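In what comes next, chain A is part of two complexes: it sits with chain B in the first one and with chain C in the second one.
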Partner chain A sequence: MVSPFRIDKSPIEARLSSLLSWRHGVCLVLGCLASMAVAWGQSRVNPAVPSALATLVIWLPFILKGFALNLVISFLAMALATLLGIGLGLIQISLHAVVRAPARFITHLFRNSPWLVILFVVMLIIPVEIRVPTGGKIPIPDWIKATLAFTLPVMGNISEIVRGAVLSIPTGQWESAEGLAFTRSQTLRWIILPQCVRRIIPPWMNWYALLTLSTPIASIFSIHEAVANAQGAMEAAGARPEFLFPFYLFLLCLFFAYIYPIAVWTRNLERKYPVGS
Partner chain B sequence: MLELIAPFFRQLYERTGLNFIVFYEPYEFGRFLNGAATSVRLIFWSLLLSLGIGVLGAWTQGARSQALRVGVNAYIQAFRNTPPMIQLLFFYFGLGAFTPSVDMGGYSQPLISSFTWAIISLGIFGGAFNIEIFRAGLEAVPEATQEAAESLGFSRWQTFLYVTLPLAFRISLPALTNNLVSLAKTTSLAYVITVPEMTYVLNQVWSDNINVPEMMLLLFMFYVLVVTLLAAGLHALEHRLALPGYGQ
Partner chain C sequence: MDPESNSVGCPWSAEQPIVSLRDVHKSFGTFDVLKGISFDVRKGEVICIIGPSGSGKSTLIRCINALTPIQRGSITVEGQEVNDPKLDKLSLRRKVGIVFQQYNLFPHKTTLENVMMAPLKVLREPKEEVERRARALIAKVRLTGKEDVYPGQLSGGQQQRVAIARSLAMRPNVMLFDEVTAALDPETIKEVLATIKELATEGMTCILVTHEMGFAREVADHVYFTDGGVIVEHGSASQFFTNASDPRTRQFLSQIL
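Take a look at the complex of A and B:
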């Protein structure tokens, strides 16, 4: 019998997924265009110099080139973070406390530090170039260092997601595998992990979105991604104050246009594979 | 305070070369304290603003007006799906250009400082997440409790204040803890609009004194401490407010 005073948590998930619809996206794009028009209207004072919006159009390819670097960083960091995170997560559920403790420490250290702090540490600690024993030098470009830095916090979070997913599989699965004479590694590989994949994918996508939203931090270290390129473009076009509003608004819209579909897709997957199932 | 710890850290530097200059040089110590105070104030006010926005936004979801609900949803989606750093830059540079300046006798100072912009921007960013958390909490309160309150003669407002809200707050507390901790970490991004918080100050210190590893260690320790204290406080609150008879 269901108690009338039972706290039903299912509206939490249902509510989140019903929130997202394409209508909102259209509303926002319209709002953005309207504010662009306002910015355009304000800056048509002097016909001799191009308006802020015309300047934005001129520099558009340059900013988009920077955005491509954002995407490259996010892909590489995510791939690396997934590999390392799954490894770290599996170490976290090891039966040996000696192995488990350091993995848990690393996971929590990177989960609980601000991204900017991790970026500072990695950017300043990793050398500019590596000396190979044969005598040559391999330079490490800044964006590679930034990619490594972005990998670390995502790795910590994926490690925790993997641990949570393995713990969410009913004990009966382990016991019946044991009854069929599977060893621990066989059970993990053939029975537990395949069931985890479904539960891991929605949070994994969520972390990809968060990672992509964090890549602009790299502009602090003069890596030529979208924000740094936009700032460079504003500087090159005369650094007029009326550029600031449309340029930064355009950057917001650029990221929104990329992230919003991913968010919608993630919510749909979450609805399809609820955690309780 | 400084007199107590200064000899130890000075000796540490002389013997091992570990230069924790902020703990023995009065000028750098003052900088460090200012940075820590700014960081704590920034965290406090942006968390408070985000909580206020969260409660207000969740309350509007029960409103009859369709336009209000669509507006709040659009706000949530806009701020959840764009980079917080660009939001900060947009608020400070984009909107800051439109706010009036005050003549301070010789130089003009903007009415809204970078610190205030950081609070506004981060509060609005965190608030977008809090609205969803509070709303989910309000919806998870069983209908039957509200009916029971009604049958006991509670008015609508009394039901909300004494029955629904306390229950909803307890239900949303775990999710809220996660979000507030994450927002506290995000405050370090205020660095980009030159708010003199911990990251910014220690960056200046290590640029002046070339003691990067030591100051980075300190920066890590500072955030680990802040995050641990915040999480511990919220967990204690969660434990204290736990409903008897629910969960383990």
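Take a look at the complex of A and C:
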């Protein structure tokens, strides 16, 4: 079937999207490494103290351990946001206005609030520990709270993506299902939602990338993720100003190397399944 | 026919009209689309509804299986009242199948899956039996070999025949056809009309909205001409096309034939 909703890209846009490829990613990473080498070359003023780059190598495992926490937070927050977001999105298209209104409110509240503000509120609202009726106490680590905080805005956005995807399915699909005696929920489950999956995946991956890139905000609450650990490492090694450039450049490369392939993959999926296909 | 598909407490025998409309009124906002439509369809009859565009033909046909609710009047299908807030839609729609102008096949499912879906998911019938029936229906609409093909790879006429098979898979007693050939190429219209004609000769009760006058003349038992939300004229096919009495009908026919 010819897709009536396909938006043709302008030549400039098409050229820009073809610019985004693996080769350029590799070039950028190499560029980063080259500038680090320059930094290393310039920092050998005193052979008695280890160079900035040598310090970085010493602290590398510590920073990578922090990065593992970034990944764990991003996975958990994304999983939770997906579950809650799909639920919220489906409530948003409920036939009952009374049910629809709160879902719409929650969606827009979290979509349109700064992530940092949400993070502060969640960190302050959730207690340090929960008392269990049997007498014990379960502590809630800060990184769990931060995960919950990152979940909320992504949940709001996924909710809106789901709502939009459902509404983008032609009404003829609903009608023919209704004519075949499908109920509304059967139609959603067997006919509408399976067709939405394709449309949801590219924006969903986009939000995963944004979420992962935002996890360093958690360093404000000294959660031991990559950025906080890198700052800790610089502190411990004597807080020399020449650390700043190689350390932050390394963090940039680290996140870039993880996210860039996802961005390329998303772009390919968007090209493969344009809206309306 | 199994007894549960007829609603309880509605005595209906095959001698009575299978579909009966009485004084049906429907408006969208302030616009009155149907202004008191009444007619009866007997089991096995083929009814064609013709008329200028905007005369409410499609609305009329969609009211019969409750896709469009009506404001006033009565529609019964095998004795079951359609204009009823407590309508058992499942029971009604098992009895009445509908095929649309735009086919509306499920694009993420193959031909076979499209045909099997409603009996499997809605009626929860056993898979082997549904698949056997679906394959037979696909053969009936002459699409053997296309079972595992997705709708996007089929021509309009082929898609429309899959849509007919999909509707027949629910084993309806009445079939509604809403301008099913209006979106098709002239060459593929024939294939679809042949399929409908075959159904009609097998005794399926068919209600069609159509612009195919030749087909209406050939297949229809009764022809109804609607204009401005009312039935202007009706008669047997031969009588209607040769001796139309109402000036509006004559004008319409002179434009089309």
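Operating definition for what follows: the second predicted complex is superposed on the first by the 260 of 277 C-alpha atoms of A that agree within 3 Å, B and C clash if a C-alpha of one lies under 4 Å from a C-alpha of the other, contacts with A are read in each partner's own complex, and residues count from 1 in each chain.
Just so we're on the same page, a residue touches a chain if its C-beta (ideal position, glycine included) is under 8 Å from a C-beta of that chain, and two chains touch if they have at least 3 such contacts.
Because the structure is predicted, anything quoted here is derived from the model rather than measured.
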Contacts of A:Gln195 with chain B and chain C, given as first, second, both or neither: second
Touched partner set for A:Leu249, first chain B, second chain C, both or neither: first
Touching partner for A:Glu129 - first (chain B), second (chain C), both, neither: neither
Touched partner set for A:Ile259, first chain B, second chain C, both or neither: first
Superposition-derived comparison: chain B or chain C, residues of chain A touched: B
Contacts of A:Glu235 with chain B and chain C, given as first, second, both or neither: neither
Residues of chain A contacting chain B in one complex and chain C in the other: none
Sites on chain C touched by chain A in the complex: 65, 67, 89-90, 93-94, 97-98, 100, 102, 104-108, 117-118, 121-123, 151-152, 163, 166-167, 170
Residue ranges of chain B touching chain A (in the complex, touch as defined): 70, 73-74, 76-78, 80-87, 89-90, 93-95, 97-98, 132, 135-137, 139-142, 144-145, 167, 171, 175, 181, 185-189, 191-192, 199, 203, 212-213, 216, 219-220, 223-224, 227-228, 246
Chain B-facing residues of chain A, complex: 4-9, 11-12, 15-16, 19-20, 24-25, 27-28, 31, 109, 112-117, 120-121, 124-125, 209, 213-217, 219-220, 227, 241-242, 244-245, 248-249, 251-252, 255-256, 259-260, 263
Contact set on chain A toward chain C in their complex: 1, 170, 172-173, 175-183, 186, 190-191, 194-195
